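For clarity, chains are labelled A, B, C and D in written order, and residue numbers in each chain start from 1.
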Amino acid sequence: MAAQRTLQAGLIGYGFMGRAHSNAWRQAPRFFDLPVAIRRRVICGRNSRAVSKAAGALGWEKSATDWRRIVGDPEIDLVDITTPNDSHAEIAIAAAAAGKAILCEKPLARGVAEAERMTEAVRRARVVNMVCHNYRRVPALMLAREMIEGGELGDRIYHYRARYAQDWIADPDFPLVWRLRSGTAGSGSLGDIGSHIVDLGRFLVGEFREVCALGETFVRHRPVPGKHGRRARVTVDDAVAMIGRFRNGALATLEATRFALGRKNGLTIEINGSGGSLVFDLEAMNRLQLYRADDAEGRRGFRDILVTEKVHPYIEQWWPPGHLIGYEHSFVHTIVDFVRAVAAGKRVAPDFADGLATQRVLAAIEESMRTKQWARV
Amino acid sequence: MAAQRTLQAGLIGYGFMGRAHSNAWRQAPRFFDLPVAIRRRVICGRNSRAVSKAAGALGWEKSATDWRRIVGDPEIDLVDITTPNDSHAEIAIAAAAAGKAILCEKPLARGVAEAERMTEAVRRARVVNMVCHNYRRVPALMLAREMIEGGELGDRIYHYRARYAQDWIADPDFPLVWRLRSGTAGSGSLGDIGSHIVDLGRFLVGEFREVCALGETFVRHRPVPGKHGRRARVTVDDAVAMIGRFRNGALATLEATRFALGRKNGLTIEINGSGGSLVFDLEAMNRLQLYRADDAEGRRGFRDILVTEKVHPYIEQWWPPGHLIGYEHSFVHTIVDFVRAVAAGKRVAPDFADGLATQRVLAAIEESMRTKQWARV
Amino acid sequence: MAAQRTLQAGLIGYGFMGRAHSNAWRQAPRFFDLPVAIRRRVICGRNSRAVSKAAGALGWEKSATDWRRIVGDPEIDLVDITTPNDSHAEIAIAAAAAGKAILCEKPLARGVAEAERMTEAVRRARVVNMVCHNYRRVPALMLAREMIEGGELGDRIYHYRARYAQDWIADPDFPLVWRLRSGTAGSGSLGDIGSHIVDLGRFLVGEFREVCALGETFVRHRPVPGKHGRRARVTVDDAVAMIGRFRNGALATLEATRFALGRKNGLTIEINGSGGSLVFDLEAMNRLQLYRADDAEGRRGFRDILVTEKVHPYIEQWWPPGHLIGYEHSFVHTIVDFVRAVAAGKRVAPDFADGLATQRVLAAIEESMRTKQWARV
Amino acid sequence: MAAQRTLQAGLIGYGFMGRAHSNAWRQAPRFFDLPVAIRRRVICGRNSRAVSKAAGALGWEKSATDWRRIVGDPEIDLVDITTPNDSHAEIAIAAAAAGKAILCEKPLARGVAEAERMTEAVRRARVVNMVCHNYRRVPALMLAREMIEGGELGDRIYHYRARYAQDWIADPDFPLVWRLRSGTAGSGSLGDIGSHIVDLGRFLVGEFREVCALGETFVRHRPVPGKHGRRARVTVDDAVAMIGRFRNGALATLEATRFALGRKNGLTIEINGSGGSLVFDLEAMNRLQLYRADDAEGRRGFRDILVTEKVHPYIEQWWPPGHLIGYEHSFVHTIVDFVRAVAAGKRVAPDFADGLATQRVLAAIEESMRTKQWARV
């Protein structure tokens, strides 16, 4: 066997997402046949000591504190960006200019303008680029896509209803962390979790045409961390309710909230087509419910498909039927497909253009919230 | 024991709803201790032969073809209106003028103006009046109300999300029945099933302040019944998606659709408050799921309450724990409460004023659909 | 139309079961087209005053205190026995001798010998006879039978596992009611609820060949009602666990218990055949889950069938799809089929011979518990 | 910080279990703070080429073909045995003699005699020993244990009912693989999956006192692999149904089957105690349902606990609430606890003595199947 080509990876960021991506970089070649070898060359963060420790803990050869060194390193083939949103554009554009393949955490950017520049940069540089909407690669959702594309839900989609509900800030005494300040976070539930259901709508149903949204901040003042007794204003949305229409005529009913007590990571989707329906719940992510109108009369019902069969997307590489996989596996699948695309020099979805398209929808939602009018995407 | 007072009832209409109400009139005194006896005196319909047969089948002493005779009969104490929507106002106003207690099927009227006249009529006549939003008296939903009123969901409600989804016209070859023509039906899914989730929102959360809605007619032309090969235009909505805000600040996400394949009578509700959440599904109507934030840490989860215990609303009169009741029982409970109110000469909710309030919300939704703007209730 | 024949019915017993049967007698002709009219002629009980009141409340023309009068009344066509088990045999045998059609509550008798005498009596008298195993006529279970008979579960059944779990005596201070004394009740959970899962096993799978069982009385002494501070011995089983084999080779795993906290009327069944599986839960009795091995690969899963479609057994007479029915409806269906059989002079299942067969299985289970050996049926 | 001690590990076997264990050895130090470093020194298998490839793929420094070399290597601290059952005893006894800590896949041995010798060997050698019943370390089941030990289910357990149901050999044309021959596999469903529910019964409820079982081989002849058209006899059980009693009086209802169509890895457990109940399903392994009798009246119901909170066992090291983990994580947790025990020189459960106790229960079940009598454990 000829010597296998090796791709050298650099990871920017070592927080929660850095940890999830690192795991995926380690696991991908263990469970999937990749066309190239992966070398986890360097991890980058601003705190020298912390990132050095992270390199050891997360399995990277070395650490660095300046992402420019990585982007500029000719040995690095691909850059994985997991930093906060406000640095995505700068890093990605530099990486593109340096010819690196790029995987960037979602949301792609803080806004449409940034996303446009990023998309333009990768287009010009002709580098493989991907935005990490990892939920697309939950096997049940990839299966949903296969079903819809294969016509199993009929030739028309009528409804896409999606909710992403959490409850981690429902306590009014939960502190005013950076995610609750518009300066650092952009938006609140919308960008953080709403972006997932917008992306999945585009993945499963098609492009949005118009939206109308209503946001609310239920708890307007929260304790300032480290300042005993002081409260300051929350400047992002706690929840957003949205309706809209896809270009193909399907109706959208969307909701993102951090105030749904009991919902921890409750991304639920129901799609109704002319031939059937699908239901998904991220808190039971190994399952997909399918209703088929062409089942025999009197025998119709939602089928609870345990998406752990060999024929299901990505599953053959894992465990036998009925043996569940979890959250982290969606990142492994994302990186597997990214690496394969890089090795082949081919496009992979969702790419930056997808990230930009999602950003346009989010921007229309924000505009609608601001103007209290319908907004076209 | 002194002789029990008897109330004489007249029922107008003998269709699906006439059948459901008749059953309730028969069953109410069998299972509940009522303060009065009930005499099912007369049932009224336009087709003499059919209504005569219905009288026997449904258990009424006699039949009639002119509702005016019933309204004008001094022996009749109460009138139950189950005719199509376009006759509600005329009958109810006449019945009020004649001093009859009135139970009227929902929606109260074809529009706000009619509903106002009806409400004014019963107010002036000081007759007991009720609109038959029977789902309020599903034990699980009455329990939900008790919980919310008792503060078990906390002192604030954040979200009311309700969907009423069916699929009986999803087939494009389903004929153009009267419910699909605006002339006869007023609206489509909105008035028929959307009215229920609006009423339940008012029942469980409070008054609506503003709404924004999007309607769609997915199948625009349908076969005309009896005219082979001809199709004509559907003039009502197949589905409506709505967002809104309650006066108390809660967000509403609503949806009514007849195009959700696999959903037969899928009225689902989720309410999130500052202290917990509730989930209900009419297709599993004997259950209510309750999440309590004050359960011990690590022991929290949605409790699947089987609402068949003696302490649950209405249940003591039925069967032992775990023995289910069904759809028809919600009508029995409605009539029990109506009869008790009539006997006591007291108000009962939902009354015509409630029906009017719901109608105002529906009108705002229709306005929003027409103008593509937010509408205040 | 020629005058319809009328059957005159007499009901013996006015307790919980008398109430459930009375409702069914009233409702059956309201919702189903019966070939005969029903006259609810007389209800019988030992307490003159109470039964007289019951006649009015439950809808019977008159009351009586001596069942012999009813059995001997030439105007009575059929007798419905809902008294405690220890009087079933005497009444039924007398009724058979008098040529009455007989419906008898389950269990048919206190033991095999009694059941044999009863079965012999109806056989000789050639009267229509039925034992009221009402759960057979829950639409979902009747549908299950249709599926199995139609080969939808394949040509072999491998497993029948059924559990009937309740918790109403789990409190050790629950009093020593008659159901907990062997003298009055015969057995405990076995006869009361275990008999249902044995009957359903025979209905759905076939005849039992052999059984082995283990019983337990978890709370051995309980307060004697009306005797403050005194406790006496519980002389029936609180729970029984059983394994067995059907003649067709299927394995049975059965359990009856009154000590399963949280299970109120938890009759659950799972059947695995060579072509698929079925799952049923009486606490969600409008549903049946079906797994079909011949669904397309990657699309298999338990279908959650809402058994409320027109094509489902008995449903056409009730409400539209998605509108649930409840516990009491199983009695209505039983009486509908009984009346039709009486009118036609035909057999109806389960008849006394079925009741006897079930009794033989229960006797084998009791023998196995006593001898701690396997027992043949 | 002082240099951390390093433990050198040798893994025997590289099949399905070797793969699952290797993953756990790699992941354990990435996600958990271990008191020692782990060096994955050597993996051993009989096929030189295959095991050499496995070493690379699974992350071991080198490979070997003779397990005696590993057991005899003074640098190796611990040996992990994942070979077929028939070699467990020999390897483990040699490893114990060499002073190695030992982790051994379940079932511990082919029978009681072997298990006794193994247990005696580790007792004499005073080496840390553990049997890999990984499901004990599914967080939901570890939580169940905490609840039961903490008295949350009351002071008595009444029922332990467990079923392990699969369907991978339900097709009669599935070939006669080694697992279906008693010579190689010992027993069929009993040892393979029944051993898990016996172990979990001991873990959650206590020691078994007596059992009675019924086994069946539904498909008696199967195609011989590689011999076209030839069929030979299946010599193990396809399914086993069992009843039994624990020493503390609880009843056991157990079932292991490979013929439950639609059940892929369906290990379900329900435990009823005097204060509440627990329900678990391995196909929804991130959940545990808890019923508490001391919840307020009218508010009781099974709580669906998503076992992904920081306070839940092992979860803090993984992802935020609502983010699921999967099958493989149970092995990671097992190895974490094993490594901690080795580092501390302490006992860890389940140890070989536990494995032996489970084996005694399995032997009693086999005896009962053979003699068709009850058997004491």
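Please note the rule applied: a contact is a pair of C-beta atoms (placed from the backbone, for glycine too) under 8 Å apart; a residue touches a chain by one contact, two chains touch by 3 or more.
Not measured: the values here are computed from a predicted model.
Chain pairs A-D and B-D differ in how many C-beta pairs they share in contact, with the greater number at A-D. Seen from the Cα centre of chain A, the chain whose own Cα centre is farthest off is C.
Chain C and chain D have Cα centroids separated by 42 Å.
Here the CA centre of chain A is 35 Å from the CA centre of chain D. Spacing of chain B relative to chain D, judged by their CA centroids, is 54 angstrom.
Looking at chain B, one finds that residues 263, 300-302, 306 touch two or more other chains.
Those residues of chain B lying in contact with chain A across their complex are 156, 158-159, 161, 163, 165, 167, 170, 172, 212-214, 216, 218, 239, 241-245, 249, 251-253, 255, 257, 259-263, 270, 272-277, 291, 293, 300-302, 372-374.
Chain contact summary for the complex, chain D toward chain A: residues 16, 20, 23, 26, 30, 57-59, 166, 168, 263-266, 282-286, 306, 308, 319-329.
Every residue of chain A that touches chain C in the complex is listed here, in rising order: 143, 152, 289-290, 295, 297-306, 309, 311-312.
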